[in-house]
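Structures are listed in the sections that come next.
After this come two complexes, each holding chain A, first together with chain B and then together with chain C.
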Partner chain A sequence: MKVLVAVKRVIDYNVKVRVKPDNTGVDLANVKMAMNPFCEIAVEEAVRLKEKGIASEIVVVSIGPKASQEQIRTALALGADRGIHVETDEEVQSLEAAKLLKGVVEKEEPKMVIMGKQSIDTDNNQTGQMLAALMGWGQGTFASEVAVDGEKVNVTREVDGGLMTVGLKLPAVVTTDLRLNEPRYASLPNIMKAKKKPLESVAPADLGVEVAPRLSTLKVEAPKQREAGVKVEDVAELVDKLKNEAKVI
Partner chain B sequence: MTAYFNETHNQARETTRKFIQTHVLPHIDDWEEAGEFPREIYTLAGEAGLLGAGYPEALGGHSEGDVFMKVAISEELMRSTSGGLVAGLGSLDIALPPVIKWARPELRDAIVPSVLTGERIMALGITEPGGGSDVANIRTRATRDGDDFILNGSKTFITSGHRADYYTVAARTGGDGHGGISLFLVDRDTPGFTRGRHLKKMGWWASDTAELSFDDCRVPADRLIGQENGGFAVIMSNFLAERLMLAIMGYTTAQIALEMAMEYTGQRQAFGRPINGFQITRHKLVDMATKVDVAREYTYRCAALMQAGKAPVKQVAMAKNLCSDVCESVTREAIQLHGGMGYMREAAVERLYRDGRLLAIGGGTNEIMKELIAKQMGL
Partner chain C sequence: MTPEQIVTELKALLDDGKVLDDPENLDHYGRDWTKMHAPKPVAVVFPRSTEQVQALVRFANEHRVALVPSGGRTGLSAGAVATNGEVVVAFDYMNQVLDFSPSDRTVHCQAGVITEQLQQFAEDNDLHYPVDFASAGSSQLGGNLSTNAGGIKVIRYGMSRDWVAGLTVVTGKGDVLHLNRDLEKNNTGYDLRHLFIGAEGTLGFITEATMKLTRQPDNLTVLVLGLNDLTNTMDVLQTFQKQIDLTAYEFFSHEAMQHVQTHGSVQAPFETEAPYYALLEFEAVSDQVMDDAMTLFEQCMENGWVMDGVISQSETQAHNLWQLRERISESIAPRTPYKNDISVIVSKVPEFLREIDDVVTHHYPDFEIIWFGHIGDGNLHLNILKPEDMSKDDFFGKCQQVNKWVFEIVERYGGSVSAEHGVGLIKKDYLTYTRPPEEIAYLRGIKQVFDPNGIMNPGKVFDLD
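Then we have the complex of A and B:
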């Protein structure tokens, strides 16, 4: 079966982000970008499905500026077969992303879409769910185990109370959680081979979607710096401070 | 990032970084103390394609002729904070090129792929107890006997010397001086070839360094690499890449030490503020950063010349001297900024200081480099 994997270009998770002085967003100038870690897990899961003989073709799609092709190339080096780049310099919010993905899904007709549960830049955790809704497909979100069984897939989900397993009829959308797998790194010969794999570029208009933000960002601020604590001499002083300074007891 | 590197280089960097983070960093302190790293690291590095960079695809390599691929990978390997690991993994880079360029095709095809996958380890044997940088005067002798050569003599300070499977060995087949030297490929289990004790070193602890001795060691004549008595030129042509590598190790070691010092001085408190709140600390960090930047950019320039097919012997010698000096001074200052902590073995910066010292010695001492530069300057 054909598997579609969506990947997003985001600030590398190692980078300490800085808020722009005018509070309109975070500073992206000269900042290292990388594939969203949850998307790496999605790619890895698809590659494992292919290695098990379940997936026959992996198509990787990314939405974003020209440079997003780097993340597609990375996915190709990890084992995806071909790439689709939906090129836009506009800000793409969750619903538009889901609509664009729907356009790609309708064209490619995969049996399964695997994507990260959220991207570490805006942390919305919406696109997978929205895509499933727009397609009218089942969804298995926050997957920690994915087991394909014929025309069905059993997805074990990480929920507050523990683990929940849902059985979905294919086609379906699966979003990945952190513990689904440990992504491999691409070997250098595979990086070279990936350069020859097909990468198609389409515009949002080709998919019949107009990319226009529906939400506007009012202000972005850095989290408050934690202030240094104080050492107390004894329990009496602690209780006193809790009562009279912190006023929590 | 500079214009020297393309997207593929950056992807290779990412792979190398993940390789180091996954397989090396959790264990490197133990391996340093043990004086060795597991053989498995060679095969893992081989699988990731880290060993094959710069070698022909037909022999299991990739990125042949791509000097900056080698630079990118080497910088990321140094992030292991262990010069010994990098030297051990990289011993093939000094031993293999002569085999690829000058060995008989049958011999080359039989050896090279297994070294690039990491299944076999390779070492280069040039330096002798009686002399190192003075390659023209090596004393190990290879005497012709029918279809064989009989080797007698000894080598020392050989990286991967103890556990290598194949050795590229220089021996005298002719008269005195540089015109009488040949290179041979010697198998580990050749009768008469033995490896001595593990040598204990100031730095590079994780690398296996040994003495080799040849006692009527019979090597078939078809294991000659290149022309008989033509070994000197082969050895010399090999030095350019080795010295570039040492320069890269130099500025990268310094870069890591600088980063550690920046981190530490931002946390360490003295007199009520972090010590980077003092102007003297900031200025010291600035001086360190300036040196590292200049050393790196100059080395990139040398790499660019090599990429363009030039043999910048003088510039690479200058880069090696510059980078090893920068490495020594920056790691020293980094330790100073760490104070007592910098003197502790649990601080990687302590290792960087010891490891860096080798860079002014290996691949031709800095004094030999200066003589080389002087000659090129027509002095």
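Then we have the complex of A and C:
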């Protein structure tokens, strides 16, 4: 079966982000970008399905600026077969992303779409659910285990206080949680081979979607700085401060 | 003076509470990372300023009391060990950054500033302090300079020595000297700054240092390559260095990686099993550099030097790949490793390493040998693991024998018996393999000038006669 994997280019997980002085967003200038960690897990899961002989072809799609092709190439190096780049410099919000993915799904007709449960830049956790709704497909979100069984897939989900397994009819949307798998590294020989794999570029208009943000960001703020502690000279001073300043005893 | 009298006098010299003589603290502050010698100091003192250190040194000279400088006590040569009724002088309370000059790109620190604190200070000011190693979270600047610590970025940034603009020291005689005045250029005779760097506290105390900072590295990218053979470490190094300035070049054996994997959940870089691995790091500042790296990798594959390889695609991956190298020490620690830190000039590394490996495996086929190190600068860490069924004493006894063979090879290759860990007590008996007697006589002469009464860290590095 054909599997479609969505990957997003986001700020590298390890980068300490800085809020722009005017509070309109975070500073992206010269900041290291990488594949969203949950998308890495999605790619890994698809590759494992292919290694098990369940998936026959893996198509990877990314929506975003030209540079998103780097993340598609990474996915190709990890084992995806071909890439589709939906190129736009506009801000793409969840609903538009879901509509664009729906366009790709209708063209490619995969049996399963695997994507991250959320992207670490906006933390929305809704694109996968929206896509499933738009397609009228079942959804297995927060997957920690994916077991394909003929025309069905059992998805084990991490829910508060335990695990829940849902059985979905294929085609379906699966979104990945952290413990689904441990993604491999892209090997250098595979990175080189990936350069020759097909990568097609399409515009949102080709998919019949107009990308226009519906939500506007009012303000972005850094977390409150913790105030430095003070050293007290002795126990008496500590007790005094607890009593008279903190008023806790 | 009796120990009690010393403690009373010290308490008069320093603030209350900055003199400790309870058994627990004496034990704690009397030793470094090596834990091979039983500590036995009379007191631990915590000065807060250069003036207080000077007062301590004057006191020590007057009463002929020996002093042991103590930093983060992560040293691996028993340099900061007090076994003989000394007073331990700890810099824990001299941990302030005193001044910062963005235009000079220098930062003036007290000696007790933790290495990581300095790194973090630089980063907070959009600059970089590049000396780094696994103990940076505990070691102090004073200890780093007194051992001239190296670490994982030496191939690009040099040793601790290369980052010192100026030093404030209290000599063993009790004089306070401000060495080099933080100048970039200052050709006015002997540069005493460099005598104190690497002196392991035998000439006096380093109390303050002005350290240089540099720009932050850009997009550090890590390659891990599986090598077919030891000599390939040099082939790969030379190939990459022709075109790319590496910020690190480390190597480790398959056995070393296996220990890391069993010890913690660190992922193998690839499925291919190679006898040796190289870790390269560089700044991927442009697509051109990335393309160059790919081409160089292809060359290495075509020449049959490299079996497989990965490249980090994110900072997270770069960090995780480093774990393969950085976690080796801790993962073999439960096996009581016998450690040697040796160096030769880079081009001789493969031959040198093979010769030592042959000698050890020939005489002790039961010993497991773990090789890793900063191979890009000719520095190798030889670790011999204790067989489970051998007693500690028996094992260390046999390792003394191994030492002799290893150091004879070091001598023959013109190498060093201690590349970056210093001499302290542990390498003292082997100093002559690297430094001939006439040279050691000069060291003694220098010691005599700065510390005529021999109160500074006596018995470390060399004996007085």
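The rule we apply is simple: the second predicted complex is superposed on the first by the 227 of 249 C-alpha atoms of A that agree within 3 Å, B and C clash if a C-alpha of one lies under 4 Å from a C-alpha of the other, contacts with A are read in each partner's own complex, and residues count from 1 in each chain.
Criterion: a contact is a pair of C-beta atoms (placed from the backbone, for glycine too) under 8 Å apart; a residue touches a chain by one contact, two chains touch by 3 or more.
Note that this is a predicted model, so its numbers are computed, not measured.
J.: Superposed on chain A, are chain B and chain C clashing or fitting side by side?
T.: With chain A aligned, chain B runs into chain C, so clash.
J.: After the superposition on A, what does A:E145 contact: first (chain B), second (chain C), both or neither?
T.: In the superposition, A:E145 contacts neither chain B nor chain C.
J.: May I ask you to decide whether A:T74 touches chain B, chain C, both, or neither, giving the answer as first, second, both or neither?
T.: In the superposition, A:T74 contacts both chain B and chain C.
J.: Determine, for the superposed model, which of the two partners chain B and chain C contacts more residues of chain A.
T.: Of the two chains, more chain A residues are contacted by C.
J.: Contact-wise, after the overlay, does A:P37 reach chain B, chain C, both or neither (first, second, both, neither)?
T.: A:P37 sits against chain C, while chain B stays out of touch.
J.: Let me test your reading of the model: by the given contact rule, A:Y13 touches which partner, first (chain B), second (chain C), both or neither?
T.: second
J.: If you stack the two complexes on chain A, which partner ends up touching A:D121: first (chain B), second (chain C), both, or neither?
T.: Touch status of A:D121: no partner.
J.: Among the options 165-173, 219-227 or 237-245, identify the stretch of chain B whose C-alpha atoms clash with chain C after superposing on A.
T.: The listed stretch with clashing C-alpha atoms is 237-245.
J.: Residues on chain A in contact with chain B in one complex and with chain C in the other?
T.: Chain A residues touching both partners: 34, 74, 185-189, 191-192.
J.: Give every residue of chain A touching chain C within the complex, in rising order.
T.: Checking each residue of chain A against chain C gives 12-15, 32, 34-35, 37, 74, 182, 184-189, 191-192.
J.: Could you please specify the touching residues of chain A with respect to chain B in the complex?
T.: These residues of chain A touch chain B: 34, 70, 73-74, 77, 185-192, 195.
J.: List the residues on chain C that touch chain A in their complex, please.
T.: Those residues of chain C that touch chain A are 219, 223, 267, 269-270, 294, 297-298, 301, 308-317, 319, 321.
J.: So in the complex, the part of chain B that touches chain A is made up of which residues?
T.: Counting only chain B, the residues touching chain A are 7-8, 10-12, 14-15, 18-19, 22, 47-50, 52-53, 62-63.
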